[in-house]
Amino acid sequence: MNLLIVNPNITPGVTTLIEAEACRVAHADTHIEMATAASGVAYIETRFEALLGAYAAATIAGERYGRYDALMVAAFGDPGLLELREVLDVPVVGMTEAALMTAGQMGQRIGIIAISRRITAWYRECVDRYGMLGRLAGIRHLDRPLRDPSTVQQDHGARLVELSREAVEQDGADVLILAGAPLAGLARGVAGELSVPVVDGVSSAVCQAETLARLKPIQPTAGSFAKPPAKPRVGLPESGIGRLLAR
Amino acid sequence: MNLLIVNPNITPGVTTLIEAEACRVAHADTHIEMATAASGVAYIETRFEALLGAYAAATIAGERYGRYDALMVAAFGDPGLLELREVLDVPVVGMTEAALMTAGQMGQRIGIIAISRRITAWYRECVDRYGMLGRLAGIRHLDRPLRDPSTVQQDHGARLVELSREAVEQDGADVLILAGAPLAGLARGVAGELSVPVVDGVSSAVCQAETLARLKPIQPTAGSFAKPPAKPRVGLPESGIGRLLAR
Amino acid sequence: MNLLIVNPNITPGVTTLIEAEACRVAHADTHIEMATAASGVAYIETRFEALLGAYAAATIAGERYGRYDALMVAAFGDPGLLELREVLDVPVVGMTEAALMTAGQMGQRIGIIAISRRITAWYRECVDRYGMLGRLAGIRHLDRPLRDPSTVQQDHGARLVELSREAVEQDGADVLILAGAPLAGLARGVAGELSVPVVDGVSSAVCQAETLARLKPIQPTAGSFAKPPAKPRVGLPESGIGRLLAR
Amino acid sequence: MNLLIVNPNITPGVTTLIEAEACRVAHADTHIEMATAASGVAYIETRFEALLGAYAAATIAGERYGRYDALMVAAFGDPGLLELREVLDVPVVGMTEAALMTAGQMGQRIGIIAISRRITAWYRECVDRYGMLGRLAGIRHLDRPLRDPSTVQQDHGARLVELSREAVEQDGADVLILAGAPLAGLARGVAGELSVPVVDGVSSAVCQAETLARLKPIQPTAGSFAKPPAKPRVGLPESGIGRLLAR
Amino acid sequence: MNLLIVNPNITPGVTTLIEAEACRVAHADTHIEMATAASGVAYIETRFEALLGAYAAATIAGERYGRYDALMVAAFGDPGLLELREVLDVPVVGMTEAALMTAGQMGQRIGIIAISRRITAWYRECVDRYGMLGRLAGIRHLDRPLRDPSTVQQDHGARLVELSREAVEQDGADVLILAGAPLAGLARGVAGELSVPVVDGVSSAVCQAETLARLKPIQPTAGSFAKPPAKPRVGLPESGIGRLLAR
Amino acid sequence: MNLLIVNPNITPGVTTLIEAEACRVAHADTHIEMATAASGVAYIETRFEALLGAYAAATIAGERYGRYDALMVAAFGDPGLLELREVLDVPVVGMTEAALMTAGQMGQRIGIIAISRRITAWYRECVDRYGMLGRLAGIRHLDRPLRDPSTVQQDHGARLVELSREAVEQDGADVLILAGAPLAGLARGVAGELSVPVVDGVSSAVCQAETLARLKPIQPTAGSFAKPPAKPRVGLPESGIGRLLAR
C-alpha cells in the first residue's frame, strides 16, 4: 500500500527523521511517501500552532488525494487527525493515538516524555480527547530552549533517558512514549538503558496504519465520521483542501 | 469597547441573526463589528468543517488585529477559540463556553438543543473539552435536513420547543441552551413557552466578553495561554494569520 | 438593580473588604447593599461552619426578601448558594462559582490560592460540586494561623504571591483564583507581579450577577431549581427564612 | 451503646416508621433514642429543605450532646451528615451513605427507588458527594403527589415494586436501595417479590453505626474531619448548636 | 512468529471459529497454534467463569512455555490477559483490548454487540479496566438462550445486525465491535449491511500481536508488569502454571 | 453464624495474624473458621499472584461449601471476591472492599499504607474496580524487601507509622487503611500515634460480614451476581470448585 506521511511542521530535517524510522519498521509492501507542510511553524507546541499544522496537513491531503491508501499525521498531538478521518475514505492514523493504543497493550499506566514544557498542555488535552487520561502516569519534559528540532536527540539524549527513568520510578509508568516527531527513532536507541518498554510514535503509527489497511473497515455513512453533509462552500481550492469535501 | 464578532461560516444571513441578538444585549458603550468567514462552508456541523472555520476566523483575527478590544467566535462548538486565546492579547469568548458558564449559574444540569443530528458529536466533544460533561443532561436535536441555516428558527420553531420540553422532562435539565448561531435570539422568543431558563449563546458571549474586558486580566506570559515561543514560520501572510505570531 | 451581598461570616471587617471591591467593579446603575451574618463564626473554613453560614445567609435573604434584584453569597465555598437558588426568584451568585466560570474563560487549568490548610478540603468539594474538578490545577494555601481575617492581605501578602507563582510553575495553572472573602481585592494589587491572569471572587460575582440580571432568565417551574413543592412547615419565622418557602 | 436517631423532618409519623425498623435490626445492647426536628418541613426533597433539616439536626445534636454514643441522620440525602462528623466526637452515620456502603458489598451497580421526581436531583448529588456516581445504575421514582409521608408505603407499595423491577431489568441494577425515611422497613416486606437484594437505609445505618462504635476509631485531630479551629462565634446557643463548637 | 491462541472456554467449535478468522488475517510468516481450555465452561459470561478461564489459560501458557513468540487470550473480556502479561516475556494480546484499541482508531464512540444479557456486566467492567468507558457508546445484546456457542452466528445473525443498527442510530456509535469469540469472523460477513466500520476481536488481536512482535518492546524489569518478585510457592505444577513464576 | 475466613496466600503465619484480629472484633455468636490456600505464593503483590489466590480461595469455598454462613477473602486486593459473590448463596466480604466502605464513613479522602511498592498498582486497580478512586488520597508503601510476611509489623512498624503521617500531612488523608493481611491488627496498636482514624481490613470485614448476615439480603436471581447460567463444564472437581456451579 501507499502510505502518505505528512509532517505538519515546516522543518525538512524532522521529515527526514520520521522517514528513517518509518522505513525501518514498514512492511516490504508498504510504500512510504513523505510530505512536509508548506506553511506553518518549525515545530508545533501549542493549540494555535496545531491549528496551522492541521490546516497544512489537510491541504496536502487534498492535493495528493487519490494517491495514497492510508495517511499518517506525523506530529505528536495529532493535528487534524480526527478532522481528516471525517473526510478521507482511507485509514488515517496519528502518532499520539497510535502510540497510546500500542503502549496501552504493554502496560496499564503510560508515561510520556516531551521536548518542552510548553508542549505538555497540548499533549495532555490530546490524551484526554482519546479518553485515556486515566491511563496517563504523567508527562515529563525537557526544560531548556531547543536549538533545532532536528537535533534534539543528540542535544538532549541523556536528559531524555533521565526523564524516562523518573517517569518509571516516581510516576509509576509501566510503559513510556517518547513523544514528538523530533524524537522519532530514539526509542530504538535507548531501550537498553530503560527498565520498561518504550514506544515510538512513528513506528506505532506505521504498524497501526498497516493494521487498519489490512482489516479494510468500510467507510462510514453514519456516525460522526461519515463524510460531512453536502452544503455550499467557498474559498477552498478544489485542487487542494476543497477536494476533500467533493463527492 | 470594540467587540469583533466573527461568524466562522460563510452565510451572511447567519451573521445578520448574530448581530441582531448581540445588539439587543450589548451595553451602550460596546461597539459591535461583524465579520463573516471568507472561506469555509454554509454552516458547521463537523470537526473538519470546524477546522475550516477556525482557520477562517484566525485569518480575520489577524487581518483586523489592533482594531478590536475583544473577539467573539460566533459558532457553537467554538472553532478556534482556545487557539486564538493563545495568540491574542485581548479577551476571546465563544458561544459554547460562554453559554455553559452562564447556564451553569442557573442550574446544575444543562440541556442542549441542536439543529442536526450530525452536529451533536462535535458539540459533545466541545462540552467535554471544557470539562463540563458531568453537567450535561443531554443533547437533543432536529432530525430533518436544513433548507437554509438563516431560517431554521422559522422552519423548525415548534419542534425546537418540543425538544426543549423533552430535555426538561426526560433528561432532567435544569436549564437549556439553544445551540448554534442559526438559533441566535430564539431563546428570547420561546422563553415564555418553557419551564426552565433558556440561554442563548450570542447574548451570553457578549455579556461574558464585556465582563472579561471589565476585569482587565493581564495577558499571560506563562502557562498554556502565553503567546507561543518565537520560532521560524513560513507561508503565513503577515497581513493576516501570520500577524498573530509576530512580536 | 439592587444587589444584596451577604457575608455569611460574622466579621464586619471582611464585609468592608467585600464592599470595597464590589463597588470598584460594579456598573453605575448597580446599587450594592451589604449584610453580615447575625450568627456564625469569624471566618468559614469547614463544612459545619459553612452550614452555619448558609443558614445565616438564608435568614438574611428571607428578612430582606423583595428588596433586592440579585443576591450574592460572599464567601468562597458558596455556603447556601444552590439552596437559595431554589427558593429565590432573582439571580443568585456565589464567589467560587462565579470565579470558576470567569477564570474558565481565561485558561484551561485553574489554580486556587487559599488562606488556610483546613479550608482546602471544603473548597475542593465545592469545585467538585460544580463539576470542575478536572479543570483544577491544584489548591495551594497559607499554613500559618490567621491573626484576623480582615488583615490577611497585609499579614501574608508576600507569601500569597509566592504560592501563586508555585501554582503556575509547579501545578501548571493557566489562571489563578485568590480565594476567600478576606482576599477580596488582592488580585487587583498583585496582578503585576504574576505571569498569568488572577481572578477575584467578589468582582467576578458582581459581573456575573449583572450578566444574569441583564439576561433575565425565567424562573424555573420545573427541574431541580423550581421552588420546592408546598408542604407543611414549622419553626421557620415568616419574617425570615420561612418567607422563602411562602407562595 | 446509645444511638440517637434524628429525623430531620418534622413528621412524627415518619419518626415512628424509622424507629420501628431500627428496633427490628438493632443489637440487644443498642439503646435507641429518637428525635424529630423542631423546625423544618414535612419531608425533605430539595437542597434548601435539606439545609433546614441539617440545621435542625445540628440543633438536636447540640442539645443532647453527651447523651449518645453514636448519631444517625435519618433522612435519605444525609442532611448535615458530613457537617456533624466534623464536630462530634462519636460516630455519625447517614441513611444514604450507609445504604450505599452496604449495598456496594452486595452488587456492583446500585439502583435507587425514590418517592418523588423532585427528590432525585438531590439524591444524585448526594451519591456524587460520596464518589459513588459510577456505581449508580439509576434512580427511579414515584410520580404522583404524596398524600402523607407516613403512608407512602401503603399508598404506593405496588408501584414501588414495579419501579424496583424496572431498575433491575432496564437499568441493570444488581442491588436496590428503597430510599427515603418514609420507606423505612419496606425492603423487608417486598424482598420476596424482587430478584435482587434490597437495602433499607435505616437498618443499614443502624448496623454501620454499631460497626463504627465497635471499631472505636480515634477522633481526628488532623484532616478535614478534625474539629474546626477555635475562633470567635456569635448567635449560636451554647445549650444547642453552639455547644458543638465548644472545646 | 509462532502465535499461540488460547480459547479459555472448553468448546472446540469455538476454537475452530477463532482459528478460521485468525488464519484469514494473519501474515504469511505468522504460524498459528490453537489451544482449548482443559477445564472450565462452555462459554464465559461472568466474572467467576472468567476466573476459571483465566486459570485454564495460564495453565496452557505454562505448559507450552517457550514454544510461542506471542500469546492471544481468545475470549472477549480477556480472562487472564493482564495477569499473563506480568509473567510472560513475549507479547500477550486480548480480544477486547485489541478490538478497543483498533476500533478507537476508526471512531470516537464505540458500540459493542454481545451474545447475552448476562455477559454485558463483565464486558463493561473489562472496558472500564482499560480506562475506555468514556469511549463506550453502549453495549447491546441478544436476549434469547443460546443453543450452542458455535452456532450463534447462524442462529442469530439477523438479530445481531439489527442490534448493530440500533447501536449506531440510538447510541451514537461511530464504530462497532461484534464481541465474543463465538462471533469470530462475523464482522467480515455483515460489514456490507452496516453503515459504520465493524471490528472483530480475533482479527484485531492477531494484527496487534504481530505489531507488538514487530516492535520488539523490551521486557519490563520495573513497573507493574515486571515479573513478580521471587518468593516461596506451593501447589503449582512446574510443568504448567508454576513455570510462569520460575526464573 | 459460621464465618469462613480464607487466606488466599500459603503462609500460615499470616493466617494466624488474621485469626487473632478477627477474634478480637467478632461478636460472641460468630464462630470463626480459618483456611489457608493449598496452592499459590507466600504473599500476593501482583495481578497474576492474585489470580492464583482467587483460584485457591474458590477451591476452598467449594470444598467447604455448606459449612459456612458467610465467607471472607482475607487478602487486601480481594482476590476472587466478586467472582465468589456470583456463585455463593451466602454473604462474601473482602478486606479492601470492607475497609473502604468502613473508612468511607469516617472521612472523605482515604489513604492506604502498603507493604511494598510492587503491590500498589494492584491495590489501585482494586480501589478503582469499586469506583472509589475519587476518594483515594494516595497509596504510600514500604520500599524494602520483606523478610517474612508474618513479621512485617515488627520489622517495619516505625516506618509504617511514618508513612501514615505522610499520608495525612502530604496527601490530605482524612482516614487511613493499613493494607494487607500481614498488617492485620496493627491499626489497633498504632492508633494512638496517629492523628486520624485508622482502619484495619480484617476487623472491617468481620463487622461487614456480620452486618450482611444480619440484614439477610435475598440471593439474586437477576443482575450480574445471580448464579451463572447452567452450561456444560469439565475439569472442575465436584468436591471442590465445581460444586460452586452446581444447582
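Going in written order, the chains are labelled A, B, C, D, E and F, and every chain counts its residues from 1.
FYI, contacts are C-beta pairs under 8 Å (C-beta built on N, C-alpha and C of every residue); 3 or more make two chains touch, one makes a residue touch a chain.
Here is each chain with its UniProt name: A, B, C, D, E, F = Asp/Glu/hydantoin racemase.
Here the structure is a predicted model, which means the values were calculated and not measured.
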Treating chain C as absent, figure out whether the rest stays one piece or breaks into groups, and list them.
one piece
Going by the touch criterion at the top, tell me which pair is linked by more C-beta contacts: B-C or A-C.
B-C
With chain centres defined as mean CA positions, report which chain is farthest from chain E.
C
When the C-alpha atoms of chain A and chain E are each averaged to a single point, how far apart are the two points in Å?
27
Separation of the C-alpha centres, chain C versus chain F, in whole Å, is 43
Chain-centre distance (mean CA atoms) for chain A and chain D, in whole Å, is 52
Quick check on chain D: which residues sit in contact with 2+ other chains?
82, 108-109, 121, 125, 172, 174, 223-224, 226
If each chain is a dot and touching chains are joined, what shape do you get: line, ring, star, complete or other?
other
Complete list of chain pairs which touch one another:
A-B, A-C, A-E, A-F, B-C, B-D, B-E, C-D, C-F, D-E, D-F, E-F
Residue set of chain C touching chain F in the complex reads 120-121, 125
Of chain A, residues touching chain E in the complex
25, 82, 85, 91, 93, 97-98, 101-102, 104-109, 130-132, 134-135, 168-169, 172-175, 191-192, 194-200, 203-204, 207-208, 210-212, 214-215, 217-226
Touching chain C in the complex: which residues of chain F?
108-109, 172, 174
Sites on chain E touched by chain F in the complex
10-11, 37-43, 45-52, 54-56, 58, 80, 82-84, 86-87, 116, 118, 121-122, 125, 129, 145, 223-224, 226, 228-229, 231-236, 241, 244-245
